[in-house]
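If you scroll down you'll find the structure; I have some questions about it.
Order of writing sets the labels: A, B, C and D. Residues in every chain begin at 1.
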């Protein structure tokens, strides 16, 4: 079976979780990345879900929302949302995953609305949920989204989730206590943030450096040692396909 | 004294037009959809909705023209993404313009906790540098009098009424809820009054056998409704699972206004109450049963 | 990975001299007296104690010379009233002077909640006009930027370690506690690390069968101690009742310093650990058993 | 059996609780007053206990502390302390009972320390617990304490729990949202607060107007219609003596 972009993204996202870390998981590809990490190199990672669920084992079945009953059965803590957000604000959370509709070179994300006037948008997006909190307060942020020139923009219309703002030490200047995006994983490549800007680290097997540049809305910086993204191992593919047999999240070519 | 009434009475007596209403405060699960449908059947107007995620509950109320404003962190369809009614209202003013008060899950939780504590606001560092505070318009920027660091002050939210679904409650309104609480308890304690919708109304002794399960005490509750299946298509832990396909069907059916109106006519105005709704679901409802495994014993 | 250690190891490894230590945070019940005795046996010095009521736990530690400061709303002997050691320390500097940071139950709860939330402070209207804020010295007066009304800002308290007694925990530290929580959860979430003292260490499946009972998650916990009867003479819901007479005996025995020293020699330094202490209590301990009635079923 | 001061005080305290009210109960005499009120004229009163217990029925056995296991068994809510303090600050609590070591004519209470310097007191008292919060935030305060000229003082050394401060509308001027003492019940009489000052409303059967005046450390105002405190009815005495058969709280001549 051909390896999908979703599977490559999940495998890379799993590599971003270190053993023993406390991670805000979220749904879709990050959820499966958490499953892969737990079953491979990060057996002691803990997953937090915004509605108040804490798990040290992935749910038995594939989840469609974090509130699905299988995500609560076997949890180690059913907390209140604010208990987990408190851990986040304290600095007890190592990393968090979020997606977005638009992102700029500094990792500022828009999940609120497209258009100049927030009260009269051209396109109303669902909103940030807890993503803006994770972006504000986690020690580092892992961003996952489809790669599209209209999504990777020179400027986003609305900063829902702050990245590095205008770059450099902007976060400290506005009072954010820590954090910022460490990596952007798209359907085409992996972008590492250095000096507050996304730099192409690797392109996926089905993509290329040129594809990444052509589909990015700003002049893209490319790492000197740019390479192909390491494909998922057979073990990792097996875990992904066992957990998402229908490919509901990993084969719809959309994160 | 017993506060047990029908859902129609509870909504009629406790949710006037223009009321601020918190619901869906456990985020994805335990959304009181039966109350959402009753609000639409009773043609409520100018509601100020409050809830972090609320799944398609807010989308339906907006599409039905019941809503003047929404205070939320996310509004749409958790399974399908965008909510068509929310988009139409914001992009085209159909059926009417809706004022949005943007929040994050943390800031709405803090606003409701401040309401529950009787505090004027809570100070936080989240959203510093985000455009949400300016869009919301109710937060204040400040610096900490202790160390001068930048802060956002999130003012208290005190809903006129919070609608809370739970597994069981007694006739006075002492409610047991388990599974994720999200911001439900803060929303209930912050509210002027609470409508409790219980899968089952039980004796006081059942509640008193486990007071740590109580999410809201009788003294906050104005009405108690016994209504099995009140949360479908959202799940209720230990009772029934989420009906994922129902959310996708709603998404497909509501792409345009006539489609939304047909959907409402079929599932909301076309049924008198939740019992009829569940009969309409028929075998599909039975298939969602998820009784779960018993909790380890605790004694008091 | 398992964090199960002996109480002596937990206190040795997680409570250095000069540490700020929160304990007795459920107020009258579930006070971890075994840990208090071990702190005395290990001769800890300059501790900064934090707890709203703490019954005679703080009095003992003060009398034993372990304490540099107490942050509390009440300190004494709940059954008998005054605590002789606390009085001697404050009135005569015996065995040493202790700095007091006066709080009310609400302000200490707010300070710990602020610590748990990672907020710099919480704003409140309690204690306006009281002499407590001036005596405490760490609060700030302010006016609300929303309506100009007077407020007190209560700064966050973040203990170095919180010692929490509970009915059961798994080896990682996920702890189930039921009965009154007081400020226990805030104190645990606000702390740098937590020592969990469980009546029984159980399998993860027992904890995971009822995640709403979890008062603190493993990620906050540094050590897990299995120790039956750890709270005597205070009660633990569903396990054992309060030994009221023991508090009166302590009160009578500790009227003067030699009496206090005899009491410590008999009940603390004279016994190696809690198992020996319970054997010393003998039939008196057995008589306190209070297994209680089972909670109504909940399924997940 | 002779009626004790404690029994008279409990009967009066019970009269201060109206049906359907939400009341911070506390221990000792107020606890028994709550039992009496529930079983007579206030069956729908709700009792709050600071450690987080909410009850609509008195505990089955006599309590020595609010954390006794019988006070939790049969409770309708085991909350966190801050949940109940939040109700108090919101204004959801009708009344609360507290005691004190010292009180002045304006109902300011000292339960912290005797002496000029709080860090070097002549007598260290246990402290206020949640009493200062109830005094600050409940709609009204019911004070119960032994009557002694050294306790009812012209000025208290430390204001732990604010009453009416210097009188009149002092509470509003310092920012307290509501409340203040409504009544002081001592071992000798009942004092109603009017214009922010305690006025003798009635003297107990075993006392007199003169006793009350002689044992009060300020020039005591006396109501024009001063009378004898209504003694406990036979029904009320029976309830008290059934609940506290040893007279642990009601026969030790000390509240």
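Note that a residue touches a chain if its C-beta (ideal position, glycine included) is under 8 Å from a C-beta of that chain, and two chains touch if they have at least 3 such contacts.
Worth saying up front: this structure is predicted, and the values here are computed from it rather than measured.
Asks: Note the shortest touch-path length, in steps, from chain A to chain D.
Replies: Minimal hop count between chain A and chain D: 2.
Asks: According to the touch definition, list the chains common to the neighbour sets of chain A and chain B.
Replies: Looking at chain B and chain A together, the chains touching each of them are C.
Asks: On a C-alpha centroid basis, what's the spacing between chain C and chain D, in Å?
Replies: 27
Asks: Report the inter-chain centroid distance for chain A and chain C in whole angstrom, where each centroid is the mean of the CA atoms.
Replies: 40
Asks: On a C-alpha centroid basis, what's the spacing between chain B and chain C, in Å?
Replies: That gives a centre separation of 37 Å.
Asks: What residues in chain B touch two or more of the other chains?
Replies: Each of 110, 117-119, 124-125, 149, 151, 178-179, 181, 185, 207, 212, 237-238, 292-293, 300 in chain B touches at least two other chains.
Asks: Of all residues in chain A, which are in touch with two or more distinct other chains?
Replies: Only 53, 69, 72-73, 78-79, 82, 85, 88-89, 137 qualify.
Asks: Considering only the defined contacts, which chain B positions touch chain C in the complex?
Replies: My answer: residues 110, 117-125, 140, 142, 144-147, 149, 151, 153, 155, 167, 176, 178-179, 181, 202, 206-207, 209-210, 212-213, 237-238, 291-300.
Asks: List the residues on chain B that touch chain D in their complex, please.
Replies: Spelled out, the residues of chain B in touch with chain D are 1, 115-119, 170, 172, 174, 185, 189, 204, 207-208, 211-212, 214, 217-220, 300.
Asks: Using the touch definition from the top, list the residues of chain D that touch chain B in their complex.
Replies: 22, 44, 46, 53-54, 56, 69, 72-79, 82-83, 85-92, 137
Asks: Using the touch rule from the top, collect the residues of chain A that touch chain B in their complex.
Replies: 49-53, 64-69, 72-73, 78-82, 85, 88-89, 112-113, 118-133, 135-137, 158-162, 165, 170-171, 174-177
Asks: Which residues of chain C touch chain D in the complex?
Replies: Those in contact with chain D are residues 26-30, 52-53, 55, 72-76, 78-79, 81-83, 86-87, 90-91, 99-100, 102, 104-107, 109-110, 113, 124-132, 135, 149-151, 178-183, 185-186, 234-235, 237-238, 241-242, 244, 290, 292-293.
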